[in-house]
Amino acid sequence: MCLAIPGLIVSLVPEFQRLAVVEVSGVRRRVDLGLLEDDMPGPGDWVLIHVGFAMSRISQHEAEEQMRLLRMLGEEGAAIEEIRGYDSAVQDV
Amino acid sequence: MRFVDEFRDPDVINHTIEEIQRLCEPGRHYRFMEVCGGHTHAIYRFGLKDLLPDNIELIHGPGCPVCVLPMGRIDDGLKLGERPDLIFTAFGDMMRVPGANGSPLEHKARGMDVRIVYSPSDALTLARRNPDRHVMFFAIGFETTAPSTALVLKRAKEEGIRNFSVFCNHVTIIPAIRAILDSPDMRLDAFIGPGHVSTVIGCRPYEWIARDEGKPIVISGFEPLDMLQSVVMILRQLREGRAEVENQYRRVVPWEGNRAALRAMSEVFALRPFFEWRGLGFISQSALCLRESYAAWDAEQLFQVAGVRVTDPKAAQCGEVLKGVLKPHQCKLFGRECTPERPVGALMVSSEGSCAAYYNYEHRKGLAAAGSAATSF
Amino acid sequence: MPNGSPPRIRFRDPQIEMSHGAGGKATRRLIDGLFAPLLLNGSGSHLSDAAILEIDGVRIALTTDGFVVTPLVFPGGSIGELAVNGTVNDLAVSGARASALLTTFVLEEGLPSAVLEAEVRAMAAAAQRIGVHFVGGDTKVVEHGKVDQLYITTTGVGRMIPGLSLSPHSVRPGDRVLVSGPIGDHGITILLARGELDLEADLRSDTRSVLPMVEALAAAVGPSIRWMRDPTRGGVATSLNELALDCGLAIHIAEELVPMRDEVRGACEILGLDPLHIANEGQFLVVVDRLAADAALVAFGTVPGGEMARIIGEVRETPASCVLVTTPYGGSRIVDMLVGDPLPRIC
């Protein structure tokens, strides 16, 4: 139920407006956009594809925000380690 | 690959694991259930168990639509396939699932016209191209897949394509989670929620899990960083004494779900009063059937479906493994009569079934002394 | 085995299925359980790509292969090319230079002669490129519908390349595993060419003779080469599992080091396939002593088409008889031999 992957809409199929050509890493397939008719994506948009249908638009903003939060974990972690270093140094005195 | 590779960044993964280690209370044993079979698959594919601390136990949930399908439904579908004018179509996942008289592939070997499709649209295309044959699509899947089946049925109706039908085995996730929580042997601390089902149903349907059962649930994506970040979010909730629904997979899951998908589903499908799930028994309002307005495309109404109830072979303990009561290797048939090559039950066939995953990854690793996971050459 | 005692047939499957030809476990079960006991004097000890015979003191290699691919023609090649390259490659990875080929054709009544001619031309061209000759063959025609247009079998014989001594039993912990180039091109090309999945990509079959690369390796690091195999049906995973079973050691592969074209990766992600299980027709795996790995890589680079060769892993003690694939962030998974044909999945 869960194999869905991000794909880039490269063009719309002229005869069937709800069909788009979507590309995943150089592989192209016609994908039905019918489930996104309330907010129809177009060429240049990224969508999540499952069994030949686009399930959702992918928000680049949210993706970047997520990576930012995750990268901060690394920095927070380093900061905490440093503080712990100071604490123990203070206690040693 | 964009929106994939970033979430496999080794440095960020290492930092996230460090955060997990910081958040874990020493001496506490955590039990998190990942509901969705796709997450089970991801855990093994990315070797996530190697990365998590030992005191976090991941319990595999019932979110594998192939695994929960009782054998009788497969036999019913295959019986329909015996009609000479019928083309039996299904996703690849179904092809090796054993029925009482063999799997779809085994039926194909004996002459049945069985074809793998990647999309229900492809099954409809097959019907358009073969007007003198009847194409039946054996539909499986949770709410992730049901909207696509619904749209295809709508198209079939709009275009008046009469040589096409669906044998509908779509099931819904919430009743399955409820059945797990109602199970007396189940002790869980939190849930890793199904990311792709949630693109359709949104996050609201899970609110009762947090509010009434007091369990955190984080809706998670499927890349390594998604799942690890979800574990961080769960650990933070537990540490802070919170129980909430959180959406880790925000780049794809809208809180309110996909209205167009839900509309398509409600136009085409109705809820069955009850449906039998392998391992979980009969659950009310847990599965979909076609509405009366789509009766002409409903394989169960078009053809005589025997409604066979086939119990699993007695020795097979598929049900208990599905519920998480038994670990795969505790089933008497595991690794002996039941292997990926000669599966007895669907949990050994499906790439996200716990038994197949366990057999391929844990079992063989455990047989020999574990080698170090990191490579340096 | 004592003389006179009947061979034990261990093959119990009631009927033949597609999985028996897929090159994975079911194929092995058929060979080990039915063919070996009856035809190979019960040996079937380790399957290799060619048989090495000694006749009047001269060691020669002998191999045969059947080709039944559909469609007959696909981007990058056709059945005729496969038939020549495939057999030459089986000899090459067994350490032999092909000297002569035989071929049999099974033709369907009604097959357009133009189609047959095109394939025969393809075979002639492939043979000429390699410098090997056909010395005979056989033809049968069967009624329309009894065969899918055209099946070709080629049998090849060759002389051993000096300086090579190949055996899975010579593999040692610390040895390096190399692959000659990107994996999965052929299998994905065929899958797309069948047109059932409505996928399109700029991909071509990788069919070619690997003999030039094998000869370059032999010249550069011959005595350090332990084992070679061409990962056709069943893919890299199946070949490496066969090695792991034969030598009882562990093959550790670093996922990020395995070369693969973006399109192969994309198709596998869409369909839920493991690239390690996809067939290749112009690549081979080689295990060399670790001290020779860098020189082996250089040798690959001297041959046109060998630039994408990579070191992808190494041999270790544990977990015994397993192939372990590791991720760049410390996770790992066991990769098994293919069970049946790789099937697309949606879950």
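For the reader, a short list of remarks on this structure follows.
Labels for the chains are A, B and C, by order of writing; each one numbers its residues from 1.
We take it that a residue touches a chain if its C-beta (ideal position, glycine included) is under 8 Å from a C-beta of that chain, and two chains touch if they have at least 3 such contacts.
The model shown is predicted, which means the values in this text are computed figures rather than measured ones.
More contacting C-beta pairs link the chains of B-C than the other of the two pairs B-C and A-C. When chain centres are taken as C-alpha averages, the shortest distance to the whole-protein C-alpha average belongs to B. Separating the centre of chain A from that of chain B, both taken as means of CA atoms, is a distance of 22 Å. Centre-to-centre separation of chain A and chain C, using mean CA positions: 38 Å.
The residues of chain A that reach two or more other chains are 1-3, 5, 24-25, 50-52, listed in rising order. Within chain C, contacts with two or more other chains are made by residues 197-198, 262, 265-266, 269-270, 272, 345-347. Multi-chain contact residues of chain B (touching two or more other chains) are listed as 1, 4, 14, 37-38, 41, 64-65, 91, 118-119, 122, 141, 145, 352. Residue ranges of chain C in contact with chain B, taken from their complex: 15-19, 25-26, 29, 176, 196-198, 250, 252, 254, 262, 265-266, 269-272, 290, 311, 313-314, 316-322, 324, 326-334, 336, 339-340, 343-347. By the touch rule above, chain B contacts chain C in their complex via residues 1, 4, 8, 10, 13-14, 37-38, 41, 44-51, 64-66, 91-93, 95-96, 105-106, 108-110, 115-119, 122, 141, 145, 224, 340-341, 350-352, 360-361, 364-365, 367-371, 373-375, 377.
On chain C, the positions that touch chain A within their shared complex are 197-202, 261-263, 265-267, 269-270, 272, 345-347.
Those residues of chain A that touch chain B in the complex are listed here as 1-6, 8, 24-25, 32, 34-38, 46, 48, 50-53, 55-56, 58-60, 62-63, 65-67, 69-71, 73-74, 76-77, 80. If you check the complex, the residues on chain A that touch chain C are 1-3, 5, 23-30, 49-52.
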